[in-house]
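Both complexes shown next keep chain A, but they swap its partner, so chain B is in the first and chain C is in the second.
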Partner chain A sequence: MATKRVAICAVAQHKNDSDLWHKRFQGMLLDVLEELQAQTGFTFDEETGVNTIVSCSDDFFDARTISDNGVTDVLGAQYRGEEKMAQEGLNAVGYAQAVILSGYADLVLVMGHCKESQSESRRMIANMGFDPFYGRAVGLDNLNAAALQARAYMKKAGLTEEQLAGIVVRARQFAARNPYANAREIVEAGTVIASPQLCDPIRQLHAYPVSDGAVGMLLASEERAAEFTDKPVWIAGFANCMDSYFLGDRDLTANFALKQAAGRAYRKAGIADPKKEIGLVEVMDAYAYQQPLWLEGLGLCGDGKGARFLDQGGQEKYRVNLSGGMLAGNPVIIAGLYRAAEAALQLKGEAGERQAPDLHRAVAHSTTGAAGQFHSVLILER
Partner chain B sequence: MTMQEDHKDCFVLEGKMALPNQNFAGRLGSRFLIAIRDRKKIMGLKCNPCGKTFVPPREYCEKCWTKIADNWVELGTEGELVNFTVVRYGDRHLPKKPPYILGQIRLDGADTPLTHIVEGIDPRDVESGIRVKAVFAEKTTNTIMDIDHFEPV
Partner chain C sequence: MTEYFGTTVADIFATMPKRFKPEEAKEVDIAIGYEATGEGGGKWKATIKHGTLKVETVEGELTDCKTTIHTDAETFVGVTLGMIGALDALSSQKLRVAGDPKFLMLLLPKIFTPYVAPAKKPDAVTARDIIATLAERFRPEKAEGVAMTIGYDLAGEGGGRWTIIIRDGKCAVREGLADPLTVKMTMEAKTYAGMMVGTIEAVTAFTSGQVKIEGDMAAAGATAKYFRKYVVPGATEAEELISLRVTNSIEQRFATGPVMGRWFAGIREKKFLANRCPKCGRTQIPPREICAWCRVRVHEFVEVGPKGVVTHFDIVYFASPDPLTGAVRDTPYATVYVVLDGATEREAITVDLKKEDIPRLKEGARVRPVWAEVTTGSYRDLIGVELDEEEGSL
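Now for the complex of A and B:
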């Protein structure tokens, strides 16, 4: 009989780094997997152990086809059920949840990895995500597409240079308390504002650093969760939504896809008013301007009111990105999986120096595709 | 998970992944590009029920699923620069040396802006709302770069 609820039993993160040249991603995954085993005691026993593994990787970043095949052995996926979620880590959690809810498996291992440092340029890889005729030819990539969105959003919300700098300064302050973050050095607002324009209006320090990382989690059915943890974190809702492909077809500041995804996830979780029922949020802020924009899409802040939200202390009210967020450095394809891992640690009360008190429910957000084409929202609760 | 590992005498291998490839330009895409190349015309496809004209071309309206593949309309070669960025980094996938302006241009008669290069104006002076016109390439390549760039009217 299929289970009713799915738990995240344990999470493990590899420290993010800008150039882990001396380590293969297989080795990074093995560290993560062994830590999960140490935490939970799970095995790969055919009757009682993990028999389904969902991995997340990207063929371009790994510079090979069928990139999941390069890690099946270290994930214990040899001879077992093996699924790949290409390029979007948070959806690997959604996939694992579906596998367990369907009754196919009662224990699933989710493992994501990416070494952005391996390629000449992560922007060249992003360019390949555009159509070959109109997008790639004019050099579109994730950074310049985001810059177009940044300009439009700053105008709509009245977001200032000082506010953008404040987002980065705060992210670094939290990152300094997160042993897994990449960019943990404290910066001053003046340094952010003085950092060179990379792609106007995005400055160098508004952009997340090149990052290598790996993250994993063990998910179980309600019936089996207690075997692996006494502090399960429950998946209350998961949803995603894809916006139009061509950049010009979209209103870059409207958050169409995120509002759809959030609305569906809240409904599943029985949340009528997210402003009253969400205690902590981890959003995938690859660039500083995205933090308030995505918070608007999640319904925690009014449309176009991101600047006021920042001034009125919205980030502390909703405990936004206490991990330091993606601004402190996660590889793009698994930044959402890191968000979920951090939200789960907070709900377990295992977030160390960045722990928030009295949490019941948290949101992890993820996005992929240029300028937030695709969004995913995961609601977790204690 | 931060272990001190010995990596004395370890090294990395250089890879050179490159795979020249082809993409069928499509029935609509070919017509769109031929109009630019041979007639210096930019064509859009209009969805009559939505009253919306799309560029680049596509076979169906994504909102109402009406087949619009034969409903070509001629757009202006001029339009409004509705949004832009200044690319200040160098990369091999970029068509120009930095700094250069990448803009979203809403051509006269179109509802969706086209992304393209803007030249003929200093990046310090560019602003949204200016009128720009297409400058067609002298040497054509059967690509969207047969519009070489846009420049202020």
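Now for the complex of A and C:
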């Protein structure tokens, strides 16, 4: 009999760092695995333990064909079932949920890793995501594509340099309270505005730093969750949506895919008005401008009203990215998994100095592909 | 049956009834004799009368023919396919017509559809067929100012030795190998044919040692552009679609970490350091953070080897080129599975064996490491292993 609900029982994060040159990613994953086991006491027993692992990694970042092959031992996946969700950590949670809802397994371990510092250039890897004829030829990468979107969105929403700087300043203030964040130094608005242009209008401090990290979580069926935690966080809804591959096919500020994904996730969670029913949100803001843009897509901010939302305290109303967000540094492919981990910690009341009070429901968001081609939305509740 | 230009004389006559256009031959009343000399030749008689056609092979003399054609089998096929000009053949006396040649040249195209060589499976095409089309496929515009002689020594069925002479915007093909040659390519005839019809990749054939090139390598590489692509007879030529050739390379810095790092530090000192699982006792090579069987961290290091025993091996004849440098490994080479002394049974290392030892290699052989003179902490510090015959084999 398949279960009705799926719980996140525990999460564990490796601290994000810009250059973990001394550590294999296998070692990072093992730290995460051991912390999850310490928290929950789960085993790999064939009858009662974890027998299904969903991993998240990327062949290009690992420079290894079928990247999950190289980490199975430290996932506990040897002699067990293992499946890889390429490049999208939050989607791995959605996949793990489906595995449990289907009745195939009642306990699933989700483990993601990425060392952006391993390769000479994460931008070259992002460039490989583009088609070899058009996109690569003109040097498109995630930054370049995002900057096109940034300019279009700043114009549409009336977003200013000062507001972008404010997003970064605030992110660092929260990151300073998050022991797992990478960039935890407080910065002033003037420093942000004076930071060099990477790709006009995106400045260096508008962009997330190169990051190495690993993150994991244990998911269980409703029937078994209590064995591993007394504070389960329930998955109320999950959905995703893919937009066009070619940038030119898309209206870069319309949030088409995110609105679709959010709408489906809200329906599953029975949420009629997200503005009234969401207490906290973690969005994947690889660049400062994306934070208000994705909040528009999630329906927490009116269309094209990003600037006003910032001025009127929308970030505090919806407790946006109390972790410091991706702006404080997560590897791109698992930034969404970190978002879910942080949202889960908040609902469990285990978010330490960054803990928000009186939470019932939270949203974790993730995106992959240039300028938000693909979006995943996860609704969690206590 | 001997083929010329990928077809036979017999096939041309066999397809005549199908190619016959009775509507066009209503007024025609003629018997034509054909004599094709040489291999694959013979005598045929075609009788066309009021829209009917009768084709027969003839033993002995050709009789009652209004007109007869005498030629060698190769010229006959060449003229039929349009590979050899009919007028050239006539003026060089390679083709003789008893009767009115002009009348025939006007009549035949009218009452027969052109002969098309039967479609061949690519593997049925021989090197000889392909060489025969070289001159016709020559692209003078691509070979301006080029002067070279290319020798082909193609062994086996359908093979032979040819010299291709490119000079003054012209191309000639001669039997035999000229001296000197700009470049000489030696291979199996079927390898050449495979490369030309696209069933064998040229780079792979070269790197795996199937093609031997002597002389100017660059000239060998350039030959393809002086000729139009060979098309298997009867195959429709595919539209040329543009493809993009790119080498993508992103430099990586792989961490060894504190556990595997110990192994490489050991290698630098010419020592094999395994780590031993506290639970099952296996010696992990290379050492890893965790024993995947027991799911416990592994901390204790033990030195194993340096000698060991070969448990399995293979011998590589078809080597992959190095994807980063393009360097070609010298084949054949042996890859051996060695269990170092003191290591647990399932923890073998995979290494090269010294080339000279390959003939004497067998399972159970004792081996010792061969180290590089300068060691840097890379697996290549271990050049490989060699047979340790002083001890004898097990």
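The definition used in the following text is that the second predicted complex is superposed on the first by the 382 of 382 C-alpha atoms of A that agree within 3 Å, B and C clash if a C-alpha of one lies under 4 Å from a C-alpha of the other, contacts with A are read in each partner's own complex, and residues count from 1 in each chain.
Throughout what follows, a residue touches a chain if its C-beta (ideal position, glycine included) is under 8 Å from a C-beta of that chain, and two chains touch if they have at least 3 such contacts.
Just so you know, these numbers come straight off a predicted model, no measurement behind them.
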Contact breadth on chain A, by residue count: chain C or chain B: B
Partner chain(s) touched by A:Met124 [first = chain B, second = chain C, both, neither]: both
Partner chain(s) touched by A:Val74 [first = chain B, second = chain C, both, neither]: second
Touching partner for A:Pro357 - first (chain B), second (chain C), both, neither: neither
Touching partner for A:Gly313 - first (chain B), second (chain C), both, neither: neither
First, second, both or neither for A:Leu20, with chain B first and chain C second: second
Touched partner set for A:Leu30, first chain B, second chain C, both or neither: second
Contacts of A:Phe44 with chain B and chain C, given as first, second, both or neither: second
Intersection of chain A interface sets (partners chain B, chain C): 21-23, 63, 120-121, 124, 132-133
Residues of chain A defined as touching chain C within the complex: 20-27, 30, 44, 60, 63, 72-74, 76, 78-79, 115, 117-121, 124-125, 128, 132-133
Contact footprint of chain A on chain C as seen in their complex: 244, 246, 248, 250-260, 288-293, 295, 297
Residues of chain B defined as touching chain A within the complex: 1-3, 5, 7, 10, 12, 15, 17, 23, 25, 29, 33, 54-56, 58, 62, 83-89, 91-96, 102, 104, 112-117, 123, 128, 143-145
Complex interface listing, chain A residues touching chain B: 12-15, 21-23, 31-32, 35, 63, 120-121, 123-124, 127, 131-141, 143-144, 147-148, 150-152, 179-180, 196-202, 244, 246-249, 252
